[in-house]
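Scrolling down, you'll hit the structures one after another.
Common to both upcoming complexes is chain A, partnered first by chain B, then by chain C.
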Partner chain A sequence: MGKSFNTIQFHADRCDGCGDCMTACAQAKAGTDDLAQSRIRIVPAGGGVYELALCRQCGDPKCVMNCPSGALTKNAATGVIDWDWGKCVNCLLCTVGCAYAGIVFEAEVGHVTKCDTCDGDPACVKVCPHGALEYKTVAGIFNEYGDKEDLFAPGLSACQGCNSELLIRHTLRKVGPETVVAAPPGCIPGMGTVGYNGKTGCKVPIFHPLLTNTASMLAGLKKQYNRMGRDVTMLALAGDGGTADVGFQSLSGAAERNDQMLFVCVDNEGYMNTGMQASGATSFGSWTSTTPVGSAMKGKSTEAKNLPVVMMMHNCSYVATASTAFLEDYYAKLEKAIEASKHGMAYLHVYAPCPTGWRFSSAMTTQVCRMQVLSNFVTLWEFEPGRGLRFTHPVDRPRTIEEYLKLIGKYKHLEPEQVAHIRKSVHDKVAFLKRFAAADAAAAAG
Partner chain B sequence: MRNSKYLIVGSSHAALEAAAAIRMQDPDGALAMVTRDTRLPYSPTILPYVVSGRSEPERILLRDEAWFADNAIGFVRGETLAAVDAAARTARFASGAEWRYEKLLLATGAAPAIPPVKGLAEVPFHVLRSMDDAVRLRDAIATARRAVVLGAGLIGMHAAENLAKAGAAVTVVEMQAQVLPGYFEPDAARMIERAFAAKGVTMEMGRTVTAAEPRGQGCAVILDDGRAIEADLLLVSTGVKPEMAYLAGGGVDTDRGILVDDRMRSSAPGIWAAGDVAQARGFYDGAKVVAGILPNAVEQGRIAGMDMAEDEGVKSFPGSVPLNTYTFFGQQAISVGLSAGGEGREVHETVGEGGKSYRRIVLEGDRLRGVSAINDFVDAGIMWQLVLRQVDLSAVKADFVARPLETGRMLMSRIWR
Partner chain C sequence: MATHSVSIAFAGSGGAGVMTAGQILLDAAAKAGYYGLMTRSSGPQIRGGEAAAMVRIGTKPIAAVDDKFDVLIAFDWGNVHRFAAEIPLLPDSLILTDPSQGEIHAALLAYRTRVADLQMAALAKAIPGGRVNMVGLGAIAALIGLPIDTVVEVVSDQLKKKGPEALQASAAAIRAGAEATAGIESPAQLAPALPSSVEHWNISGNEAAGLGAVRGGVRFCAAYPITPATEVLEWLAPNLADLGGVLVQAEDELASINMCLGASFGGVPSITATSGPGLALMIEAIGLGIASETPVVVVDVMRGGPSTGIPTKSEQSDLNIAIYGMHGDAPHLVLAPNAIDDCVFTTQWAVHLAEALQCPAIVLSDQGMGQSRAVVDRPADLAFIARRVTAEANTQGYRRYALTGTGVSPMAVPGTPGCMYTADGLEHNERGTPSSQAADHQKQMDKRADKLADYDYGNHWADIEGDGEVAVITWGSITGAVREALDRMAERGLKAKLISVRLLTPVQPEKMAAALAGVKKALVIEQTHSAQFYHFLRAFYRLPAEVEVFHRPGPLPVRPGEIESKLAAWM
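Showing the complex of A and B:
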């Protein structure tokens, strides 16, 4: 129970119907170019649009339920629906159960066929020239880390729908028990991680520095552990206020010295824990309690500072942005950041839309996270000295900025010129980063 | 008296899906599955393949002992339900065993319906509903020279094919004018009949049997035109009837089967029914029907189990749609939904080159009502969903009629995304 599985994802917007996937499948499965042997089928939908017929390896597989011979079974280890020719009687009842055309009969083949994901290395995905097929292995993260101990106590009292709790539980599982956590004032200590009445909400040493001295304290602690010969990770879980505003002086100093630590900024664009005051990370136009909406003001009148770019301009060993809607991307970056923190400063900037402070439904957090990225309101990238800046989830055809803004109550009042301003600033920010990425790519090639 | 929060009687598709659905919602509530059969669960649908020798009786089991242990389900075999006291919530079995339940699922399936033919009780004949029946019939086919099959439904047609392949002279007698009535229109049925005739099977369509008489080790059946056909093997496959004699004491409303609502609840509180024993809503006109087909048993079992376990995700039964996949002499026949034309219906029939394939699409306005096809594969699962969801085909109607396979796949892919 509770195991997750890998899956083949189809991006219809990238498919041009070339059919390479079908040929590769027929070759892999039957050593022929006869497309009747392919278990993946690209179907023209008119107007240059293509659809897909492929086994979904369902969690509640109707093909298995409808099979009278026991020939179809859900493999508990891989999640693949296994088909046993020795037991199959070709009754086709499995095809009655499947609403995806994932298991079909071809006269040339003589029996039903279905995708077996090529034992976890699907041939179709490898040959797709447009990235329209993607083998999603994110399930492995849940299987691997789900079994590890959650190093935060149960019962933290984050707001309903908050993704910060999800984020910190994931993060500490991965960083592991040999860690000291600094949680400066903000939502993360506020939800109980540093504890109450002499008990902590965390199973590793955790402390509550001032907003101003988080990075300095971790730098000092790390030096002491190094002196003792112990390999302990210094982890800051700070808000955007504790990073971009009040905490910036000590962070900048630590980054300048490239002190060994993993500094995670959980950016919810303001002081959401103390009554939704604006911070330097609050985006233009946002309603907050200190940038109200009325006859004189229409929300925040200045841009957010782009802190990850500021950190990139320091002497860090690793800088990246991340979103909890793209956990595979986050885990890959976390792995690099942990490694980098052994030698110097690793800085992760994670976007954390706040249902309470931003005024959206608690059920919508992940959707808001996803739309931030898909609209280019935020971009996912990483920076490594020597390698430069690289986009990790480029969005070439972004959703409109209106699609993102309309999800969120703090933008409800925006006037058309404010929306236009945001559209332009999003465009400029992406263009700015693209110039870095292009220059770095050219340098690497040259 | 034994106690179980959930008591499931029967052990085939409906029972198994109900048990799985209960365990999804309620991992701990006591759950017992009691069945008349002495074997681990198997599907009645597999039996023709046991008869043909394609499937070994021990290799087609749907669950093993470990599954019952892992899911904390008590599995009791060899117990035939004798009576249900709906008011006291107790079930009594033929052995004398008594169970008290909170929630009871009747998934007892169906038994062969034996037609009232004079002399039939005095002659040896086979039926095919249990594994024991299948093993007996398999062994008898090996030595049969002349065989008569009464009834040209799925069971009868499968057996006739097996008999012909084993070298017997086979006669199929069907009261209606065609094979597989209800699933295929006469044109399609003719194609199937021709395939059988080509293999030497005598097809006596539109004939009834007036009497059966013993002849040596075998028998003779007398047709309504007076002819007598001798056989050393007689298979009676004239349909099935729900197995519900245990409800003779009253308390649960029955008609042709156990009457159930869209959550598979019977008229008695605490009693559900699903699968071949249940009489549930038909999709097209809402009248309650005994569907007697595997995919409907799966759906009904799941719904019953979810409702019994008070799973909030339970959805109402959309109604039975006739569904049939049938393979004969290496050819494939598929039927989903209505096949008959009629008032307001638009029928598109295509016959392939040389009469080797056939396709019939029945539309009503812009909605698909049914598809049947021979040697022309369509995704039955997609067609079933297009019927159930009453998907508007107006934008793609011509494409759908010309290429139902590709158009259906395109539509469902789009709908799922």
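Showing the complex of A and C:
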């Protein structure tokens, strides 16, 4: 698998052209306020839109190919394209090759300059007041994961655009082959993990238990492995029905006993595998086949259970929410959850917007995942006994709830009062969690 | 040659529009005055799995799938070979294939049928907005002699909402498909529909069960979705609401059945619908209903078992759990509809009996009836309306579990002045006070058994047809196939009697004895692996000296032909 590197990401939609990044760069790299010496340039493209001129540290760099003197090299360890003044002959062929204006001649100093990411701590990113620049540091994780074996055979028949497959592939890579998977009835077996179509499946042992009793089954199995003295991870991959509804009693019991397992709830807000019936995790206002939209009903009339909070109240060894649009966040949590599952119950609640059942284009899944978080419709947090609740990706200036709802067909019918209801409940839910987080932070400080 | 029944299978990948095509063909047949039956089959996996819609159309009511299909049309060949066993073909059957959509699998070629090419994808592509399944539908209609205009009318009715362009595209695709069949010899042309004075209904077994419940007076339902029973609650949700009733989607089967017990204790006839795994979870609460004499109806739409089994396919293997599942001696009602339209009658009767006898009733439907649709004569309106014997306010010395002659004692609605009582799963005395006294246990056991045993169930306990020295005893959805087999035997001059048992418990030994009078040989037919029905009959009934059993598990439907050959060899 190819190697990936950390990189500076530009969000054009957040840039207002203030130029703080250029000042910071000029200061950091040349000790001057002369913007001409900045290696990052924000360029007006008309209509209030700005473009970025900056070295992209290309994987297949034209500048390196063009350089006749060997002054430019791709650093295999950092991914940065290093420039060596000692070898440079000032031919400027590198500037001809670059499509991003990422390497330019600077008259003031008499040679080309380019971004070196400040050795992995870019000054520009730190000063951007709008979050338009972001230093992506996930490369190490991707590299680590890429080197691990994919324990799902290719060819799973999940619906197009389903994020569960992504989630499960990444999860199993990390959890590793010393694992037994339990997948109760639902989309996860439905997509072929249990080998329905005769060709695919899981490369670790998999048990297809009852919808009611996944956690109990794994609890029993874990006891047997403990008896044998073998360290095997018990991994449940369950839907929200098998977790929050019919599966809840056994999960609650296992959590109360702090049985050692990693229970991943893949929350697509309902029974999407069997024809989109509502579950206890279906959000307010959602159309489903059992909460239809007509003259009498306007979708689901009650709120979703906040299951991760309920699990937190069981004082599990680890509880976290996660989104596949924020994989870095997920990886960090997965690592903690695996560790926690060696001692007790680790519960991960992963949001899984469903293109089939929620009625949005299958190309939009990641965007829907992202907007769930950015609108605070869901919040990313973790809980550890003793440390309490901590937000891992706080969103202090959320997008409007309408921006999220309008992406999804199952909310198409919502009336203004319903939207107002959702807005308020999202607000209340975040405020509720914040009280926990604040109290826990105060306790830790004091 | 014109025929009285034609069978067509539509197959393809999920999302290809297989079910839509089948549904429209059935609707068009109904509109043209024919009867019909559509069964469906699909793999257990989610989108992209294979699907088949199997439609049989005829001039007379149809209650079973036929032995073979006249036409198999595949929109693509993805995994269609998995249906090879479900879609039996004969050499004079026809496979319609689009060569651009893959090769016919060897499993289907093994039938050595005629094959004709139909460029469905190309024809659909030539029409803006045209869809392959509409082209296929047009071709089928033309081949079996269903008027194309009728098909177009049905599609127009259903697509009204989608606007004139969608309508036009579909109509053009249907006509293009019909025209493309020129030169393909028809495997079977339908005889003209017979005139009928009875209104025809197009209904599924699950809808029919919902209708029967509502007609019987049910105004409360709590249920948890489970394949293949979910359509019962989906049908009941809006229809109960229209009648001022209530439907609650519960978080699991334990909640569903206990909500029903609660509602029923409060005085309202209640129902829940589930399938095998759900029934297993409900058993403890059904026992509570029996002991506390709280009426409730549980519709079990059976699927392949045990455990998660085969959720999308049919079997009759929940008979044992329905009859014997409860712990303790727990007399209760078990009924089974024997046709799609009979789901109306039997469910309504079950509600009536449960209310009259203050006892839980289990209705054993199955996937083969529940999720199939049939064009049937409108089911008759029945006088069975739930009537519970209730207690008058301030009844002197009210005893909830009083020993009356009939075993049925007045059940007070909670809060009725002067009629306070404990509804109890603990053994109790006549007042409802918990008791572990031998005398109370004996009396209350007798009461609960006698009220069921002494009730007059009339002729509805079984459908009995024909006569002769040979009887076929069966139950449930396979009755249609048995009946068709017996009709064919009769045409060959071989007479046999049909006994299709609707009331499984309490057993009716005297009525069975009367039905079997003069019968020398009996053949028991059922869709289980372990011959559950046969053993049940052996345990409770005096059968003729010579008894045979034909039993096999699902998921393949029991077809008339296999019964016919079994019978022919045996008679």
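Here, the second predicted complex is superposed on the first by the 339 of 446 C-alpha atoms of A that agree within 3 Å, B and C clash if a C-alpha of one lies under 4 Å from a C-alpha of the other, contacts with A are read in each partner's own complex, and residues count from 1 in each chain.
We adopt the following convention: a contact is a pair of C-beta atoms (placed from the backbone, for glycine too) under 8 Å apart; a residue touches a chain by one contact, two chains touch by 3 or more.
What you see is a predicted model; the values in this text were computed from it and never measured.
Once the two complexes are overlaid on the shared chain, A:242 sits clear of chain B and of chain C alike. Once chain A of one complex is fitted onto chain A of the other, the partner contacts of A:357 are absent, as it touches neither chain B nor chain C.
Legend: residue contacts after superposition of the two complexes on their common chain; A:66 is shown touching chain B, with no touch to chain C. When the two complexes are overlaid on their common chain A, residue A:191 makes contact with chain C while staying clear of chain B. In the superposed pair of complexes, A:277 makes contact with chain C only, with no contact to chain B.
Shared-chain residue A:79: touches no atom of chain B or chain C. Residues common to the contacts of chain A with chain B and with chain C across the two structures: none. For chain A in complex with chain C, the residues that touch the partner chain are 157-160, 185, 187, 190-192, 196-197, 208, 210-212, 244-246, 248, 271-275, 277-280, 289-292, 294, 296, 356.
By the touch criterion stated above, chain C contacts chain A in their complex at residues 43-49, 79, 224-227, 230, 233-234, 237-238, 241, 249, 251-253, 277, 281, 307-308, 311. Listed in rising order, the residues of chain A touching chain B in the complex are 12, 41, 43-45, 51-53, 62, 65-66, 68-70, 86-87, 89-93, 95-101, 104-107.
For chain B in complex with chain A, the touching residues are 13, 17, 42-46, 49, 54-55, 59-62, 294-295, 298, 302, 323, 325, 327, 332, 334, 336, 375, 377, 379-382, 384-385, 406, 408-410, 412-414, 416-417.
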